[in-house]
Amino acid sequence: MIRDFLFFTSEALISIRRSGIMMIISIATITVSLIVFGIFLLISANISNLTNYFSSKLEIRVYLKDSTKQDEIDALKLRFEAMPAVRKVEFIEKAAAWAEFKKNYPKIELNTLVSDNPLPNAFRIVLSDSAKITSIATHLKGFEAVEDVGDMGAIADRITAFSRYTRIAGIILVSLLTFATLLIIVNTIRLTVIARQDEITIMQLVGATISFIRWPFIIEGLLIGILGGVFAIIFLVFGYSFFVMRFQENIPFFPLVYDHLTLNLIYLGILLVGTSLGVFGAYLSVSRTVKNNY
Amino acid sequence: MIRDFLFFTSEALISIRRSGIMMIISIATITVSLIVFGIFLLISANISNLTNYFSSKLEIRVYLKDSTKQDEIDALKLRFEAMPAVRKVEFIEKAAAWAEFKKNYPKIELNTLVSDNPLPNAFRIVLSDSAKITSIATHLKGFEAVEDVGDMGAIADRITAFSRYTRIAGIILVSLLTFATLLIIVNTIRLTVIARQDEITIMQLVGATISFIRWPFIIEGLLIGILGGVFAIIFLVFGYSFFVMRFQENIPFFPLVYDHLTLNLIYLGILLVGTSLGVFGAYLSVSRTVKNNY
Amino acid sequence: MIRVKNVRKVYPNGFVALDGVDLHISRNEFVYLVGQSGAGKSTLLNMLYKAETPTSGDIYIDNISLSGLAPKQVPYLRRSIGVIFQDYKLLPRRTVYENVAFALRVMHFSRSRIRRQVTQVLELVGLQQKMHNYPSELSGGEQQRICIARAIVNNPPVLLADEPTGSLDPDTSWEIMQLLSKINARQTTVIVATHNKAIVDDIRKRVVAVENGRIIRDEQLGLYNP
Amino acid sequence: MIRVKNVRKVYPNGFVALDGVDLHISRNEFVYLVGQSGAGKSTLLNMLYKAETPTSGDIYIDNISLSGLAPKQVPYLRRSIGVIFQDYKLLPRRTVYENVAFALRVMHFSRSRIRRQVTQVLELVGLQQKMHNYPSELSGGEQQRICIARAIVNNPPVLLADEPTGSLDPDTSWEIMQLLSKINARQTTVIVATHNKAIVDDIRKRVVAVENGRIIRDEQLGLYNP
């Protein structure tokens, strides 16, 4: 087994070396298509990150009746925090709210016109799932102490709809892209195999079995898939971190994906796609060519 | 000339027909890579459309002194409208502004606390170029009748920065994608030419000139480039209009690109890229192969 | 050993290359297959190692029907039959050594045994010094001799030689034919399709003449021309 | 007409295929090039149509130095030299007709003239009925005759034949050599590299013998062996 594997690997290496320009071209093509694939993955990761970011900024304001006492307020806070889909509950004292309001609207000459703080005490509730915002708001309205609820309704619905549809579009695009990458890689390998069709026929005529012919091609496919994947990853790692650096420098508020887990998953995915398509392409192409000669 | 062209075209057609599977594979690869290219163009067109849309929502509020008279207001409006980079000037009566404010903040019990309309008369000025917002705002502050100017400063700067950097990123990405498409198409054609290297050598040995060999290959490259381009366009036209339909149905507020001029430009670009790369790839590949034999 | 039974071969384009061919070749026989260009000699040989299949009729080797042979079995059939191809069929991206070794590698011979047998057979055909060259760096006759070396390197029980001396000078041709005779003497059935009148008439063996896809003559110790 | 002057050919891998070769062939001569397998015959022929270039020395055809020939001129040189390649070099994706016609097409002959000349020459080599077949559908000898047809179809002033009868039976070989003689009589210089002793000894012409890359014999009306 191991001897066979070594033998086939050395055959594959010889073949790669001797096919020269053809191999360089196919590795280049695979690299390039994996880079495009990776760029797409990075873009879609960033778009979903962005919509998550916007969703996370959505909040519900719960305005309390002026009669609500401090211990009631504390109890409410605990109850709200215990609700599913609620991520954060923050109490906003009416004085703080009024100060904030006045800071935001300096043009309104409130001091001269308004005698007292017109704002109520409130809770700011941040959800973990923005899609639930409307239903939770309705639910909150039912509480005794609650005077009114403000739920950023329209915007929330829009962001939710947008994030749902970009997610669907993203899935469709990534599938399409995966398929495109598959086709390009498999086709490229197919062309290199077709170019060696005569050699395959000769091998069959002098007594080689299907697997004897197939294995070196499969290992070759594996190797050029790995090479293409590694080159693509190198390009993407440097390209993306350069991009992130420049972007952060100039628009630091923008939420880019740069946690290592997501990125490493993407890079791993690229490597897997490269190698598996290399193997699959080689398997498919050789099988087609080999069949006719027995 | 025309006879030669017909002759070379018929040679190219014969070659495409007889190369069977190899041609199908290379046309498929070219189609797929042009589709990916087109998807990228459509995405970047939409992103730039989106940032333009947001920019166009940016505005400057010019608050007027209470002492300003109606004829002064009319004169100011005309002057503002005449300024470069200003797209629209709208006068907002203080009463209307106050009504709007009260509608927006139902929670603030203003009626009980505020005795009179605290808001001034104002202009809403929409710019055609959001990047100029800060400089224009400063300029407006200098007018006699102007009490104050509110310019959405921070948000405008963010959107401007964002749109500038997405534009740069878009240009980089489209260049990268163009280069990737170029590499994939040229490489694919290169592989088909390499597979026929022996034939080219034979043709040279029996007295064919470089151009006699090259022309059929170039026309072949042209034809498979056109075919790939046409297939890609068919796919994109149907795919994108389907996508627009579904998107508009579900998130009608989202500004998608669907004006015919932009789309037709993109499709034309794809066809041009396909054909020119087909021709270029064939020219390059044949030249490399042909040179060694004279 | 080899039995060709009422074989008819119609190529996909409708051309009838062989018709009603019956032939029986015993173990260790040496047979010349002669006939004009296009008579059907190569077609007949190609069917013996299942590169072509008869349109009707069947071929038996050691009483095994080739038409009944599973695709999986074909490589093993081919390993027991050395073939000197009319058009050499050398692997272009392999050196002379690797081309010859390939026939042993498919049989999983050990590296040292492969080296021993390959060098030995290259010496037999006089091409040790071209061992590390590629086929494209060889003269026509040298390529033909590599093909011969590959066909005989694993001592197959059957040897099919399709025009094995077409590119060789008379002296080398003579040596090669002596080599084939020697191999035949070592328990190998040999079938040689050839146009080499001098050799057929000199090294007298059984002669089977083909014309227009039919066997028209089958003579022990025959001459090239009747 | 053809002058080979002190030519030495070292292949890229360092092998010295020809050394100190001098040869002069007049217009309308008929020359046999003989020698063992690997002697250097094909190398010498290949240099005459610039498929190979001498490492040192030069070749003149009609007093034009080949080493001084611009790449643009090479196709025109090749059109004036018909070559029967040892390995045929047929275009695999072209029919027999198209293969032969190709040599005329490159010269922009009219369609009707191409049809006339191609059918005529295919008749000469006896392959009219294979006109629409692809090379892979032909026997070895048939392929060789297509190659011969392509070499002579445009009546070139020089004809180089590298082993033109290697795959042909004696009768067909004889016919082909008669054809080459006839062509030679019609004002064509003919050089034939061959191993066919019977023919060299029968159709007596000038014989040039090559051995290990050197010319060792040059005889008018010579025999295959000295």
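Labels A, B, C and D are assigned to the chains in the order they are written; within every chain, residues are numbered from 1.
By definition in this document, a residue touches a chain if its C-beta (ideal position, glycine included) is under 8 Å from a C-beta of that chain, and two chains touch if they have at least 3 such contacts.
Keep in mind it's a predicted model, so treat the numbers as computed, not measured.
When the partners of subunit A are compared with those of subunit B, no chain appears in both lists. Hopping across touching chains, the smallest step count from subunit C to subunit D is 1. Put simply, the chain farthest from subunit D by mean CA position is A. Between subunit B and subunit D, the centres computed from C-alpha atoms are 61 Å apart. Computed centre separation for the pair subunit A/subunit D is 66 angstrom, with centres defined by C-alpha atoms. Contact with two or more other chains is made by no residue of subunit B.
Taken as a contact graph, the chains are arranged in a single closed ring, with each chain touching exactly two others. Pairs of chains meeting the touch criterion: A-B, A-C, B-D, C-D.
Taken together, the subunit C residues at the contact with subunit A in this complex read 49-51, 71-72, 74-76, 78-79, 83, 85, 89-93, 102-103, 105-107, 150. Within the complex formed with subunit D, the residues of subunit C that make contact are 11, 13, 15, 34-38, 41-43, 86-87, 133, 137-142, 144-145, 162-163, 166-173, 195, 197-198, 224. Touching subunit A in their complex are the following residues of subunit B: 21-22, 25-26, 28-29, 32-33, 35-36, 39, 43, 63, 101, 107-110, 112-116, 118-120, 148, 150, 158, 161-162, 165, 169, 173, 176-177, 180, 183-184, 187-188, 190-192, 194-195, 243, 246-247, 250-251, 253-254.
Touching subunit D in their complex are the following residues of subunit B: 7, 15, 18-19, 199, 202-210, 212, 293-294.
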